[in-house]
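Both complexes shown next keep subunit A, but they swap its partner, so subunit B is in the first and subunit C is in the second.
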Partner chain A sequence: MNGFNWIKIFAVIFASILILPLFSVLFSVFSPDLDTWQHLIDTVLVDYITNSVVLALGSATGAILLGTTTGYVMANYQFAAKAILQIVLLLPLAMPAYIIAYTYTGLMDFGSPLHQLIRDVFSLPSTVSVLPDIRHLSGAVVMMSLVLYPYVYLLSYAAFKSQPDALQNVSTLAGKSSLSHIFNVALPMARPAILTGGALVMMEALADYGTVAYFGVNTFSAGIYRTWFGMGNREVAAQLASALCLFVFLVLILEKYSRKDARRYVNNLANKKTTREVTGKGLVFIWLLCLLPPLFGFFIPSIQLLYWAVFTSEADTQGFSNLLGNTLYLSALAAFIIVALALMFSYVARMTSANHFSRLNQLLSLGYALPGLVIAVGVISISGWADRQFNMFTISWFDFRPGLIISGSITILLFAYSVRYLSVALQNTENGFARISLQTDAAALNLNPSRWHLLSRIHLPLLRPSILSAMLLVFVDVLKELPATLVLRPFNFNTLAVRAYELASDERLIDAALPAIAIVGVGLLPVCLLIYQLERRST
Partner chain B sequence: MLTIQNLNLGYDNKTVLRIDDLQLNKGDIGCVLGPSGSGKSSFLHVVSGINSPMSGSIHLNQRIVFDAEVNVPASDRAVGMVFQDLCLFPHMTVAQNVAYGLHSIVKAARDSRIEEVLSLVELSDFASRFPYELSGGQQQRVAIARALAPRPEILLMDEPFSSLDPSLREQLASDLRVLLKKLGITALIVTHDQQEAFAMADKIAVFADGKCQQWGSAYDLYHTPVNQDVATFIGEGTFLKGQVVEKDGNLYISTALAELNTQEVTTANTIDARETPKLSIGETVSVLVRPDDILHRDKSAHKATVVNRQFRGAHIMYTLAISNGDEVLCLAPSHHDHQIGEAFGISLDVQHLIYF
Partner chain C sequence: MASVFTILFAGLSAAQSFAAEVNVYSGRQEALIKPLLDKFTAQTGVKVNLVTGKADALISRAASEGEFSQVDLLVMADAGRLVRAKNMRLTQAIGLDLPALSSSFIDEEKHWVALTTRARTVMYKKGSDVVLPESMLALADKKYAGQICVRSSSNIYNQSMTAAMMLDKGDEVTSKWAKGIAENMARKPKGGDRDQIKAMIAGECQFAIANTYYLGGMLTSSDESQREIAEQVAIAWTPKSEGGTHINISGVSIAKHAPNKAAAEQLLTFMLAEEQQAWYAEVNQEYPVIDGVNWSKTLERLGRFDAQSVNFNDMGRLNGDALKLMDKAGWQ
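Our next item is the complex of A and B:
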C-alpha cells in the first residue's frame, strides 16, 4: 500500500511540473510591458488577430467542405474499388502543412518546369506568370485545408454512417427530395461531428508556425516568434502566447459544446444502413470527387518531393544519416518517457476511487491543444528560472557555476514534448486501462495482494497494444514537431523537421526534399495504424 | 380499405414472402405477427411504397396503388409510417418533427394542424421540446403524431414498442389501441410479440415459412389455427396422438385421455378459414390440447404426474406426464398446489377440436 502512495506523490509532482509552463504563460499577462504593447497595437496586433482568425476559420471551412462531402459519399454509396479510396482519403494526415506549403511553392514557382510547360503549351513569353503566387494567407488556408480535412472526414463519415435508412424513408414518405433530405436531416444530424472536426482543424491551424512563417503571413505564432527572437522580448512573446491561448480556449469550448450536443443526438437507432450501388457516370464522378483531396493533399506533393529527393538533390549522405540518427533518437526517447508518464498518471487515476486524478489527467491533456510555440515560451521561462536558482545555489555553496543545465540541453525539448504530447499517450493508456475490468483487478489482488504484481503481470501485458500505439503516435508527433524544436533545440542539434524547414526558408527547396519525404514516410505509420483500427472496428 | 391479392415479395425473381389474400376494413387495426426474418418489415415497406413487390396487387381505399401496370410512388400513397426506433429527428423540436410532412400547405393551416395532432396525442405542452427531453412513451406519441399529421388513409407501424422498456409495452399497446380507435384510424402494425398483437389487433396475420399462414382474429388464431405451424406459434399447447374410430355412426378420435366426438365439438365456433381434414377410420392424428383444455379434477380416473411447474400468480402452469408418457400442459388455479413428482386427476375438456 505504501508503494502506491509513493506513486501518487510522484504523480502529483510530475503533474505540477508539466502544468507549470501553461501557468507561467498565463501569468505573464500580469507584468505587461506597456511600451512594447503600444508599439504592437499601433503596428501589427490587428494583423495578428485578423490573420489568425481568418486562417483558423478559413481552414476549418475548407476542411469541412472537403471532409463532409467525401464523408457523405463514402457513407452512403457503394462502388467499385471503394476500399482503395477509404485508405487514400486518409493519406494527407501524413503530410505536415509546412511541407506541402513549400512543395507547392516550388511546384508553382515562376521558374518551375510546370510553369514553363504551361507557358509552352499556350505559347506564352517566358516573362508571363500564369500560376498564382500561393505565398499568402489564402494559400495558407488552402494548404491547411488540404492536409487537415481528414479530421472532418473521419468524424462526419462515422456520423453519416450511423444514420439508418429509416430516416431517409421518413423523408421519402413525406415527399422530400434527396437534396432536401441532405440539408434538412442528414447534415443537421451530423452537425456536432462536423463541428468537432472543424474545431480540431482550427486548433491545428492556430498551432501552425511553419506554414505561416514560410508564407510570411503575420499570425499570432509568427508574431510570438518575431517578438521573441526579432525583438528579443520574451515577456511580450509570452503575453502574445497567452492571447493565442485565449483563442485556443474558445475553440476548445466550441469543441466541448459540440461533443455535448452530440450526446443529445445519441438515440438507440438500430443501425440498418444500406449503401446505394453506383455505376457508370456516377462512379466516375464519385471517384473524381473523392480522389481530388488526396491527390492535391498527398500524391502531387509526395511525387514532387520524391522526384526532387531522388533526381536533383545533391545528397549529403553523411549529414543526412546524422540528422536521421538525431531525430530517431530524440523521438524514441521522448516516446519512451511520455508513455511511461502516461502509464503512471492513468494507473494512479484508476487506482484512486476519487475523481481528482482523472480531472488532473484532463488538465494535463490541455497541452495538446496548445501551440508548440506557446509551450516553448512557457517551458523556457520555467527552465531558465530553475537554472538560475540552481546556479545561485552552487555558487553560494560551492563557488561553482555549472551554467545552463536544462535550458540548453535535450532535457528542455523532452520537457516541452511531454507537455504537448502527454495527451496523445494518455488517451491510449486510459482507453487501455478502461478495457480491463475492475473485477479483473479484484480477482488478481485476491489471489496475490502485491500491486506491483498486478501491474507487471496483469496490466502491462493486457496494455501492450495500447502502449505500442501510444509510443508510435508520440514518436511520429515528435518527429514532425517543428516550432518548439526550432526554438528550444541545443546549439547545432537538428532534426528532420527543423532541417527541412531551414533549407526551405533558405530557398533550397530541392535539398529540403530528402528530410521532408522522410518525415512523410514515417508519418504514414500512424495512418496505417489508424486504417488497421478502423478496419477492425468495422468487421 | 387495404386489399392485398397474390402479393409476391422477394428479389432476383426469388419469392421470399407470399400473401394470397388479406383485407383490412376501415377503422380496423391489423397486426402482422411472425418470427424475425419472416418478411414483416419488408411487407410494410411494400405497402408504403418504399420498396416494390415482384407481383400482385395492392388497393388502398378502392384505389390501385400497385399492380402489373401501376406503381404509385410512396409520397402519393397517403400512407403514414411509424418506424422501428421511431426515427424522430433529434435536431428538431416536437412541432418541427410533426411539421416535416406538412410542407405543401400554407403556414396558418400547418400550425393549426400541428396543434390539432399534438393535442390528439396529448402532447400540446411539449411542442417546443426536443425529442431527447421526452420519455420513451412520449417520443412514440410524437412519432405517431408526425405520421398522422398529413392525414394518411392508413397508418403503418413497424415494431412500435421495440425501443421501449419491456415492462411498459403491454400498457402502451392497449393505450395505442384506445388512441387509434378513438381517432378511427386504419392501422397495420408489425410485431413479433403475440401479447402485443392480442392487446391491439382486430385481425392478425401470421407470417412464417415464406407465406401468410393465416389472417384472422386473435380468437380464431388461438382456437382454430389452420395448420400445425400456427398452432405451435400462437399460444401454448401440446399435441396428443389419437386414433380415428367409428362409434354409433359417428367418427371419434380416441386419445389417452378421452374419446372426442368429431361431430359434436368442432363446429361451434369454427371459422371457415379452416378446412377440416377428411378423416378415415384407423388413421392416426395429432390433437391440439391447450392448457385450458386440461381440467384439474381429483375424482378423475386419469392421473398425471407433475414434471414441471411454473407459478404465475393466480394460476400455476403444470407440465404433466400422462399414462402413455405424453406430456400435456395444465393451467390450474394456484390453490391446487402440487409439487414435482406428485400426481393428480385430470380430464380433457375440448371446446374446439383441432387435429392435423
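Our next item is the complex of A and C:
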C-alpha cells in the first residue's frame, strides 16, 4: 500500500471519530416527543426560525459589506500608513461577540458616563434617555457584523489580491469604468471567497448564544438552551440542534456549489498585481472607510473595557498568569492540531477524483454551526461511553480500575474544539488548495511522480498563507470559546473566557472587563503575525 | 499486572484521587464559592478540586461519567437543578446529622440540602406616586399596563417563580397571571435583573421584577453609577396574607458514586456552619438558611419579609411545565 492510501485511511479514521458527537446529536431524531414538538410549533418555533434566519442573513450581509469593501480597497490601493490599517482591520477578530454586546450595552446604558455627558451637554434632566437601546434583533446583527467581518475581509483580500492586473487592463481597454470593472469582473471573480466568508459568519451567528440571550432575541440556539435547561428536555433540544444541522448542511452545499468554478485553470502566479497610489482627498476617504469598522468593532469597546478594568473593577488579579498560560496553551495546541487535520482532509479531497471526500469535509464542517454546548454534550456522551467500556475491559481482564481517562482531560477539550472549529480551518485550506492551479499539480507530478514531493515542496509552501490564516482563526476562536470549555475542562482549570463569562453572567460586567481585555490582548499577537505573513506574501 | 496498569495510567488519568481530596462540580460561579473552598482547605488540609459551569451541563457530565465519575459534591444555584440531579439518580442520601433547618430546606430523602435562599420581588422607585400592588399576583392587573420590566422566561428565576405560583394558586390562576404580566410589560424582555432595575429608574417602567441579591450587589458595587441607581429603589414585599414573597434556594448534594464521601460530608458540614452562612450574606447578599445567622447590613436595610412556603421538590419538578405555560402566555 502506498503512502497516499495510508493518508486516506487516517483521514477516514479521524473523520469517523470527529463525526461521532454529531451523530450522537442526530440520533435523537429517532425518539421524537410529539407533545413537546406540538407545544413548540404552537408557541415559539416560528419565532426561533425567523429570528435565526434574520440574524444569520443580516450578519452575513453586514459582514460582507464591511469585509468586501475594505478587502477591495486594501488589495488595490497603495497609500500612506497602509500598514497600520492592515493591522487595525483585523483587530475585531480578537473581540468575542458576547463581550462587545455587553460592552455596548454598558456604554450606552442609562447610567453610563457617556449618557450623562450627552445629557449635560444638552442640559437634559437626568431621567431622559437619549441613546438608542441596542438590545434587539437588529442590534445583535450589528454586533455580529462588527466582530465577524474580518472573516470576509481576510478571504476577499486574498481573492482580490490574486486578480492580476491584466484583468483591469482588459476592462480599461474595453472602455469600462472602474466601477463597472468592480461589479462585473472583480466581485464576481472574488465571489467564492466572499461567500465562504459569509457562510462562516452565518454559522457563527447561528451558533451564538451569549449575545442573543443577553439581548433577549429568541433564536434557534436560544431555543435549544431553553428546551434543554428550562424544560429539562435534552432529547427535543438535540432534535432542534439536528434541524439546525440540516439547515447549515444545505447552506454549505449551496456555498460549495457557488465555489465549483473555483478550480479554474488560471495560472495566477505569473501575473503581477500592482496597487494604485492614492493621495489627497482619496486618501482621507479610504482611511475613513477602513477605519470605521475597527473603530466600532474594536477601539470603542476596548477603550470602554480598559476604562472599566483600570478605574472601577475590583476583580482580583490573583492567578491571572495561570489563566493566561492555560488560555495560550490550549489555543495554540488546538490551532496546531485542527489545522493539521484540516490539511489532511483537504489534501485527500483534492487528490481524490471521486467526490466523496469533499462531501465528507462538508459533513465535518457542520460542527461550526452547532452551539458549543450541544457539541460538548455530544462529546461527553462519547467520552463517557469510551471510558466506561475501557474500565469494564480492564476490570474484567486485569482487575484494574483506571477510572476516567478521556473525560475531564485536556484531550476531550481538544476533541470538542476539533469538532467545532474544523470548519474554519477547512474553509481556509480548501480555498488555498483551490487557488493552486491543477496544472501546477500536473506539471509537478510530471517532473517528480512522488505525491509526498508534491505536498511538501509545492503545496505546503504555496499553502503557507492559508495555513497561517487558518491557524490564526482557530487560535482566536478557541481563545474566545466558552460553553464547551466551561463544561468539559478538567478540575481547577480556568481560561480567560471562562473567567470573563462568569463575571459577566453574574451581571458584574465591570469586573469582567479585565479578563475580557486580556482575551483581546492575547488575540492581538496572532493577528499581528498573520499580517506580517500577508505582507511577506505580497512583496 | 494490575500494578503495572496503575503505574501506566496514573499519569494519564484525568483526576487522580488522593486521600485528602474532594471534587466539586458547581453550578455557582467560582467567585461565589472558591473563597469558601480555600478557607476549607486552609482549615482542614483537604484539597478541593473545582469545576464550575452551567448547572445542566455539569449534570449531563456527571451522568455521562456514571459510576467512574470523580465528582463528590454537586453545588447548584437553584432548586430546579438540585431536583433534576436527584431525579437523574446522580445523588445519594446525606448520612449526616444536619443542623436545624426549616424542613423545606432539606429534601425529604436528604438528597440535597439548601445553602442559601434568595427572594424574587417587585421593586419600584422610592417616592414615586405609583399604586403599589399588594402581591406579585396583583401585578398582572390591567391597571399596571405598560408598567413592568422583567427579564425573559428563559431565565430560571422566572420559571421557578411561575412554578411556585402553579403550586400555590393552580394552573388557571397562574396562566392568567402570566398573560397579564406579558401584557403589562413596558418593553420586550431583555437583559438581566440589574438591567430591569436600571430601566425602572430610567423611567421605562414603574416596576421591576428582580432578585434581592442583585439589588444588594448594586448597593455594594464599586461602580458609583450602580450605587446611585440602587439607592433609589424600594421593595414591595408580598405579605404573608397573600402567600409571602417567592424564594428560591441554592444547595448541595453528595454524588451517588462519590469516591471521597467522607471529605464531601466534611465540606458540606463546613458550608452550613454559621461563619460560612454569614459569608454568603456578606459577599453575595443572599439569605442564610440557618436561623439566627446575622444578615449583612445591606440585607437588613432591604428589610425583613415573609417568605412563601413551598415544596422545592415539587417546584423543581414543575419547571418545564412552568416554561410551557409562559410560552403559551406570550411571555418571551
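The rule is simple: the second predicted complex is superposed on the first by the 333 of 539 C-alpha atoms of A that agree within 3 Å, B and C clash if a C-alpha of one lies under 4 Å from a C-alpha of the other, contacts with A are read in each partner's own complex, and residues count from 1 in each chain.
We take it that a contact is a pair of C-beta atoms (placed from the backbone, for glycine too) under 8 Å apart; a residue touches a chain by one contact, two chains touch by 3 or more.
Keep in mind that what you see is a predicted model, and the values were worked out from it rather than measured.
Novice: Subunit B or subunit C: which reaches more residues on subunit A?
Specialist: Of the two chains, more subunit A residues are contacted by C.
Novice: Output check: A:Asn494 vs subunit B and subunit C. Expected answer is one of first, second, both, neither. What do you get?
Specialist: second
Novice: Just checking: does A:Lys8 make contact with subunit B only, subunit C only, both, or neither of them? Give me first, second, both or neither.
Specialist: So A:Lys8 meets neither subunit B nor subunit C here.
Novice: For A:Ala166, using the defined touch cut-off, is the partner it touches subunit B, subunit C, both, or neither? Pick first, second, both or neither.
Specialist: A:Ala166: touches subunit B, not subunit C.
Novice: Does subunit B (first) or subunit C (second) touch A:Ala174, or do both, or does neither?
Specialist: The answer is first: A:Ala174 touches subunit B but not subunit C.
Novice: Just checking: does A:Ile406 make contact with subunit B only, subunit C only, both, or neither of them? Give me first, second, both or neither.
Specialist: Only subunit C is touched by A:Ile406; subunit B is not.
Novice: In the superposed arrangement, which partner chain does A:Val185 touch: subunit B (first), subunit C (second), both, or neither?
Specialist: First partner only.
Novice: Flag every residue of subunit A that touches subunit C in the complex, lowest number first.
Specialist: Subunit A residues touching subunit C: 39, 42-44, 47, 105, 109-113, 116, 127, 129, 135-136, 213-216, 218, 222, 225-226, 228-234, 312-314, 373, 376-377, 380-381, 383-385, 387-388, 391, 394, 398-409, 483, 486-494, 498-499, 502-503, 505-508, 510.
Novice: Given the complex with subunit A, which residues does subunit B contribute to the contact?
Specialist: 45, 48-50, 74-76, 79-81, 83-85, 87-92, 100-101, 103-104, 130-132, 146, 150, 163
Novice: Give the list of subunit A residues in touch with subunit B in this complex.
Specialist: 164, 166-167, 169-176, 184-185, 188-189, 191, 264-265, 267-270
Novice: Within the complex, which stretch of subunit C touches subunit A?
Specialist: Touch list, subunit C to subunit A: 1-2, 5-6, 9, 12-17, 23, 29-32, 49-54, 56-58, 60-61, 63-70, 80, 84, 151-154, 156, 159, 188-195, 198-199, 201-204, 214, 217, 221-223, 225-226, 228-229, 319-320, 323-324, 327-328, 332.
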